[in-house]
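These are the structures in question, set out in turn.
Both complexes shown next keep chain A, but they swap its partner, so chain B is in the first and chain C is in the second.
On to the complex of A and B.
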């Protein structure tokens, strides 16, 4: 498997389509345990990201990731802005200078992104945040063999597991036990992002 | 005299406008800038606003940043990383009382570290 500039652009385009389609759903997840803006934040940020990266001819995936990061940082407006922005910025740095990403370098990039989210959010796995999706995904990639179907299995079960945990970070943490049984909005948007990545990878299978 | 600058970050523009009014009743010379709401003036925070506020509040003695919740702190940290030429400290302290104490301390001409320490000790 090798992903080039066009594949990474495609990743953001597909993510954007899913986020736009599920904008109201993401917002509805954020209402009971948050401030009800996650779908609005993500739809705005991803649309602007796609608008930006469609106007540039990129030489390498790192440059796409960097532009996406900068747009998300400035346009999202909620916690997910600095979190996803930092994630893609760290990923961009990790894969700098590579014209295509293979499994090993993509894994390195995703691991750097996860480290960025943890650092920015001062959080770890199991706190009912998007890390509950990114963590298992990075573990899966690190095993050294992936498939689009396998990736979908991992993210689906990660989302279910996270649903039953109690939030200890972010707005949802104020709801304590009441957050149990609710899906975390940021984990749901990360689910769409990896569903989109699985579709990009499927094209290569 | 130069003063340590103060930046007030909040999800709500009104919240920090009001806080600035309270402080300005007493402290006139300390540079205090606000970064409230998103670029569209909706509820949220904006890295760009925080960066411009920090730049405007800096007179060379550094800037102390107060925040309300959640993404306000994360965005303040992003702003701090992007502005590496300015001495910036983000402080974990109550927004209203903390900023008030900091303004009074800064007005006495204290350094960034001294203002920071005093506020931390106070709460």
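On to the complex of A and C.
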């Protein structure tokens, strides 16, 4: 598997489609355990990201990721803006200078993104945040063999696990035990992002 | 939703323009941003103070811009933290060479966006320090979770750190006194009605006609107890006792009885009377009292009680001159 500039652009386009389609759903997830803005924030940020990356001819995936990160940082807001912004910025740095990404370098990029989210959010796996999705995904990639179906399986089960977790970080933490049984909105948006990545990978299978 | 607005997606823009129009000599807008700064910013040689957060808490934070308080405020969308690029513009606008100090309320989004902005500014050679305000005793204090929220007590941080900076203090000293205020201030709020974010169109939660929620946050985050509405004396007792339980108060304090947006001053004064009685019973002297709207939550009905433990240094800084429209001293 090799992903080039156009594949990474495609990743953001597909992510955007899913986020736009599920904007109200993401917002409804954020209402009981957050402040009901996640879908609105993500839809705004991803639309602007796609608008931006469609106007530029990129030489390498790193440059796409960097532009996407900067747009997300300045347009999403809330907690998820700096988190996704940091994630893609770290990923961009990790794959700098590579014209195509193979499994090893893509894995390195995703691991750097995860480390960025953890550092920015001062959080770890199991706190009912998007890390509950990114963590298992990076573990899966690290095993050295991937498939689009396998990736979907991993993210689906990670989302289920996270649902039954109690939130200790972010706005949902104020709800303590009451957050158990609710889907975390940031984990749901990360789910769409990896569902989109799985579709990009599927094209290569 | 019934509001005096033009378009739910334009409230921030319209509000900022109106705010500048109300204070043309004192305030300026940094072009292409929602950053409002002192008209004379940057003040050379003085530590610049920046605060901000989601909008909907007016007069916080832009109303606290002035000599002796903030140098700039970053206005986010309603109840949404401003983005790092906006905060970074504010930092640049107020940097007079002595460094910039950030006052951040403890919300995940605010902390991350302000920290990223600080990193950008430091990369440009601007010295940045910060304090994170977490005065809401309704939330458990824990280093393993997000921790306590920042609410009305933040205004005392603006005032006292602002006065310190105005005296010509170093960035380090401004930080030290801001941390001292955070260590000495506690608040707790309650609500009778929810509020509606214009872009959302519906109230963020529901409270029945005869219900109230104790310990609610300024964005409607859950409190600690929902029950039948009580009398002002009972409410004042609940809030004040909880604040007093949280830390030892003695000697002299400042009191802030804050309205959340739709509570008449009359009711705030009724609350204030009981707060004073409770403090008097405990032998705690009230040095200064502030009653009014300082940190609101759109049109939420309700109030919060804040106590600040004072000493000579804090008293002097609290009394110092301020030209901020919402906190003239």
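One rule holds for everything that comes next: the second predicted complex is superposed on the first by the 205 of 205 C-alpha atoms of A that agree within 3 Å, B and C clash if a C-alpha of one lies under 4 Å from a C-alpha of the other, contacts with A are read in each partner's own complex, and residues count from 1 in each chain.
Just so it is clear, a residue touches a chain if its C-beta (ideal position, glycine included) is under 8 Å from a C-beta of that chain, and two chains touch if they have at least 3 such contacts.
Every value quoted in this text rests on a predicted model; they were computed, and no experiment measured them.
After superposition onto chain A, the partners chain B and chain C occupy overlapping space and clash. Contacts of A:109 after superposition on the shared chain: neither chain B nor chain C is touched.
In the superposition on chain A, A:120 makes contact with both chain B and chain C. By the touch criterion defined above, A:168 reaches chain C but does not reach chain B.
Look at A:83: by the touch rule set out above, it reaches both chain B and chain C. In the superposition on chain A, A:36 contacts chain C only, with no contact to chain B. With both complexes placed on chain A, chain A has more residues touched by C than by the other of chain B and chain C. Applying the stated contact rule after C-alpha superposition, one finds that A:185 touches neither chain B nor chain C. By the touch criterion stated above, A:61 is placed in contact with neither chain B nor chain C. In the superposition on chain A, the residues of chain A contacted by chain B and by chain C overlap at 35, 37, 41, 73-75, 77-79, 81-83, 85-86, 120-121, 170-171. Across the complex, chain B meets chain A through its residues 38-40, 42-48, 69-71, 74-75, 77-78. Of all residues in chain A, only 35, 37, 41, 73-75, 77-83, 85-86, 120-121, 170-171 touch chain B in the complex they form. Against chain C, in their complex, chain A makes its touches with residues 31, 35-37, 40-41, 73-79, 81-83, 85-86, 120-121, 168-171, 173-175, 178. Of all the residues in chain C, the ones that touch chain A in their complex are 76-77, 79-86, 107-109, 112-113, 115-116, 139, 144-146, 149, 197, 199-200, 204, 217, 219-222.
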